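In what follows, chain A forms one complex with chain B and a second complex with chain C.
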Partner chain A sequence: MNLTLHVWRQKGPQDKGKLVTYPAPNVDSDMSFLEMLDEINDELIRKGEDPIAFDHDCREGICGMCSQVVNGRPHGHQERTTVCQLHMRQFNDGDEIFVEPWRAKAFPIQKDLIVDRSSMDVIMQAGGYVSCHTGGVPDGNTFPIPKKVADYAMDAAECIGCGACIAACPNSSAMLFTSAKVAQLAALPQGKPEARKRVQAMTKALLDEGFGNCTNHYECEAACPKGISVKFIAKLNREYLKSMIPSSTAEPV
Partner chain B sequence: MNLFTSTVGRKILMAVTGLLLIGFITVHLLGNLSIFWGADAINAYAKHLHDLGLLVWVFRLVMLCLFAIHITFGVQLYLENRAANSEDYAIQKTLVTTFSAKTMVFTGLIILAFLLYHLLHFTVQVTNPAISATNLPLVDGHLDVFSMVVLSFQKVFIAVIYIVALIALFLHLSHGLQSWVQTLGWSTGPSQDKVTAVGKILAIVYGLAYIAIPLFILARIVK
Partner chain C sequence: MILDGKAPTGPIETSWDRHRFDMKLVNPSNKRKYKILVVGTGLAGGAAAASLGELGYNVEAFCYQDSPRRAHSIGAQGGINAAKNYPSDGDSIYRLFYDTVKGGDFRSREADVWRLAQVSNNIIDQCVAQGVPFARDYAGYLDNRSFGGAQVSRTFYARGQTGQQLLLGAYSALSRQIKNGSVKMFARREMLDLVVVDGVAKGITCRNLLTGEIESYWGDAVILASGGYVNVFYLSTNAMGSSVTAIWKATKKGAYMANPCYTQIHPTCIPVHGTHQSKLTLMSESLRNDGRIWVPKDAANCEKHPNDIPDEDRDYYLERKYPSFGNLAPRDISSRSAKEACDDGRGVGDGKRGVYLDFAAAIKRVGQKTIEERYGNLFEMYEKITDENGYERPMRIYPAPHYNMGGLWVDYECQSNIPGLFVLGEANFSVHGANRLGASALMQGLADGYFVIPYTIAPYLASLKNPGAVKEDHPEFKKSAEEVEAQMDRLLSIKGKKTVMDIHRELGHVMWENVGMARSKESLEEALKRIPEIRDEFWNNVNVPGESKSINQQLENAWRLADFLEFAEMMTYDALNREESCGGHFRVEHQTDEGEAMRDDENFTYVAAWEFKGVGNKPELHKEPLKFENIKLAVRSYK
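Here is the complex of A and B:
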């Protein structure tokens, strides 16, 4: 395959950055998108140029490190696929491909396609945990959790925290990411005692970190490589409403 | 209080005030449609409203609060969201969002501008004094609202203003009429698709019913 790439190059956080065109002749259709970039980088290094910097780790679609907007879509056009699992057979000979970093104020660009996603960590640190000793692996069925609830929590837990939802959101909101964490924990007995505090703290952190507000565009769900549903945002809204009702037994928010 | 500052709190406020405003435009529409039952029907409706006396002012105060909350937070959220975005992608692509969802703040501001004009036109009656109900001859001892409306919408300029504003209202409603269900947490995923479809159909119904009034008068079907 013979392709033309337009890749965002930016030397550092302060640099202005621009799209640079690279011809990509002889691309094997069995390569993954990142392998194709590896080849381009190999060529750049041989020529003594600075290779394209991009985040990656597991390259099997589970770690959430790869973060590229390909032709205007986070992780590219194939549904429910991270960019590391996107293969060149999904493209046609002669295609022009635009590769850009996640774009949001809360994701400052570090270099080329690498953005700083610690703002998502701050949201997690605000409440994406349970404050209890979990001990060793419990015996099966120690906690009576109905299958439906376990499945629901597992669907939310599928979130790999890559940030595609934020890259896709017209408001750069992190609501889908936050809601997946809130919903997962709120569904399970271990998460219930802190549910009120969690939803308040995590949504506050979301705004404090400079993410936008959710206005129900649902672009996040469409872009999510794990198919996280916006039903979890509805769940977060319910949890938020519940947290506003005074309770004599729950911890103060 | 965090209802007024938090991201979800303000979203809920937008939904609740939006819902109450939908309640208002529903009652307003049903009342206005009485024009199709002739002069007596709408004049009697207008007289009925005027006779409410103090209640009219209570109602106006509530409406003012609803609009103030809905508009203030709507604009505030829009500005915050714009500030949260960094530069645009070279290829800007949206997958599922709609034109109406993307233009909520703009259609909202068009509706606000229209609302001010609408109040000056039919409530304060200063934009076209010659055909205002206060200057038209009384009918059976009360104001002739029917003639005011009909003479107004026979003017192309006025009718066009109303029709354009009502198209903006239709767009605003086609997002708003379904979005609140998700915001209040009543959506369970697949159910939201049905809610969205029903919301859009309702928005078309509201839009057509409202636009029918100036359009039918402009076309001299109602006179």
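Here is the complex of A and C:
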């Protein structure tokens, strides 16, 4: 099939960007979206032009590196799919496709489709862990965890940290991303002792990093390539509220 | 030269405990005087950086991705082995040790494998404590599944994303140390040289992938945990950025490369389609718990819809050839059997390079819902890529390069022959011999990172008289940075006609055809002829666009390929030297009448460690003899 691409080109963080049009002839429907871009880049290189810069690595939908807004939707229109797993059979001959980077205040553009997502690491560093030391932990079966709870934690833990939820949100909120980690750890016995401190610290970090708040648009869930549910945001809110209530048994926040 | 792995002697059961006691310690208040560099933040590097930071060392960690959470350990699907024996099905540390040595076709160091098996149980405990949501049964206890090469269920898993969950566990531990200030994280940096001062590793030279600046970092010790090199085949299941570069730069500085020809071709990958493909996708080996592998008995039936081929016309070749392991035969054997079936003209799908992985029987037995629960995400992924529904018709699979058992030579303490250079995880050669069993890569990465290096680095550091004496102002750092800068300039100045991708495809083709699943003297000599030609073409006719002082992904691809083009030759020399078949290394000259691999224990029970002697020159072979004092050398049989 023959397609027309409009791709966001921007030389560096300080430069002004613009959409540039490229023809994409003879696209094979079995190609992935990124393989299609590889071919366009190959052509650009042969013509002596600067190829399109984009983040990608595993190309199997798990590393979370790829990050493109395709036709206005993070990772494109196919549900529960990263852009590296989006295949060209999802498009039709003659289609015009717009390709842009994640857009959020906390994600400055580095070049073309590459953005800086280190602010997400900062949120994790604020409390996205259990403070256990290497070694000196009990046997893995010491605390039975009901299957339902383990499954719930796993549903949250599937987040790949790509940032599509933030790119999709009109407020550029990192609430779904943050809530996935808060919920995973708050559900498990291992994560409970620090639950109060964690939810406070991570919420503060996301606001400090310039992410917006949640106003229940649910665009994040629709864009999430792993189908992380907004129910975890509700869980985050509950955990946050709980952490505000003084409790003689819980550790001080 | 005869190398000494310094493995402890005496009873194997106490070898690690005794060695741990014998090693020198660094006292807690002295630890902050040492700086350790860790290259790579996958399971091995991430776990090492976190654990060393926690102990009080100053750690600087480096990764080429934008975040340490993206290392390719994340791609591992199926699970992680441990000798917990929770199912009471006869497992033990000794059995895991035995299975791993046997699975590796008797080409690994016994003591290293014992230690791996011993600490495997600690890993599960550690990950559970971190909040890794392993699969649980209805009583709330940890669940297990089976993997190839074992007759017990010892594999722990988190749906089809075990690698992701374990990596995120290590990443969380690392994040905690970054927050504490004990680890400084440098993302989007790629190591382009090892700085060696007076024969000792003292730092690295990196390129900042955002700015293009060449940066120097000093350390009292350097840990490489940079993963695998099977992108030398161009198409593989590795991430696009996975490369040999970090360990190859160390090789060029004098580190020995051990058994580079031991590469693992994974039997269950989605077959190649078309010519534009950029990578191959693995389907977890766990699928072989329930899937049956077959091809038509008669080549004439290959074009038929698989559901129209009756059972009696199907050849379930693994069940036929290896009745006691069946579809769970080890990876090397399963891959070779698939290749045989296709070479026999009975392959299916594009170019007839595929075999069926059929779930019809399992769906009939336990219902589609259960299969969905077990492998739902894998079926989904398969459909996205192939546009076929694996529940309705058998999947098509074919072997693909996946992992390397070879890597930098290290002694029992994970130290290379360059003092101060330590190597962990897939980047070293130590425990998998000539073939790795499924679910053992995650085990090794985390064992090395959490439970080995925190102990074994101490004696080296304790032996240093002046920690921090060599810093970035040493002339060797300047020299190294200038050399890297010059290489960048040279790559950018060629401005030839071919793209990096063109030449990488050519190299990959030569390697896959000649140094792939079946190797012969002729094919290897052909590769040794072709590789230098492709390398010449690269240095004379590649077109690397853009400039050096900005993001330049083509330049990144170019230097990685430049290293593959040198490394490929060493890998081929190793394959040519090893006149036997063992594990993933199959020499067609050395097989039994039934087509099984034939080892030559008399002449090849050694680790081949190669010393770089200049580009285009034959590397020099050093040997580390392997002793088997606990497990008797035997023909590996899975029949």
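Heads up, the rule we're going with is that the second predicted complex is superposed on the first by the 244 of 253 C-alpha atoms of A that agree within 3 Å, B and C clash if a C-alpha of one lies under 4 Å from a C-alpha of the other, contacts with A are read in each partner's own complex, and residues count from 1 in each chain.
FYI, a contact is a pair of C-beta atoms (placed from the backbone, for glycine too) under 8 Å apart; a residue touches a chain by one contact, two chains touch by 3 or more.
None of the values given here were measured: they were computed from a predicted structure.
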| item | value |
| --- | --- |
| Chain C versus chain B on the shared chain A, clash or fit after superposition | fit |
| Partner chain(s) touched by A:Ile45 [first = chain B, second = chain C, both, neither] | second |
| Partner chain in contact with A:Leu236 - chain B first, chain C second, else both or neither | first |
| Partner chain(s) touched by A:Met1 [first = chain B, second = chain C, both, neither] | neither |
| After the two structures are overlaid on chain A, angle v-u-w for chain B, chain A, chain C in degrees (C-alpha centres, nearest 10) | 160 |
| First, second, both or neither for A:Ile145, with chain B first and chain C second | second |
| CA minimum distance (chain B, chain C), superposed complexes, angstrom | 20 |
| Of all residues in chain B, those that touch chain A in their complex | 2-3, 6-12, 77, 80-81, 83-97, 101-102, 104, 175, 179, 182-189, 192 |
| Touching residues on chain A, where the partner in the complex is chain B | 6, 19, 69, 71-73, 98, 100, 103-107, 168, 170-173, 175, 199-200, 203-204, 206-207, 210-219, 221-223, 229-231, 233-241, 244 |
| Contacting residues of chain C [partner chain A, same complex] | 47, 50-51, 54, 65-72, 74-75, 84, 86, 122, 124-142, 158-159, 161, 164-165, 168, 171-173, 175-176, 178-179, 185, 187, 210, 237, 239-241, 273-274, 276-279, 281-282, 380-381, 384-385, 387, 450-451, 454, 497, 499, 501-502, 543, 545-546, 550-551, 553-554 |
| In the complex, chain A residues that touch chain C | 11-12, 28, 30-32, 34-35, 38-39, 41-42, 44-46, 48-51, 53, 55-65, 78, 80-81, 85, 87, 89, 110-111, 114, 116-118, 120-121, 124-126, 128-135, 137-141, 144-147, 149-151, 153-154, 157-158, 160-161, 184-185, 188, 190-191 |
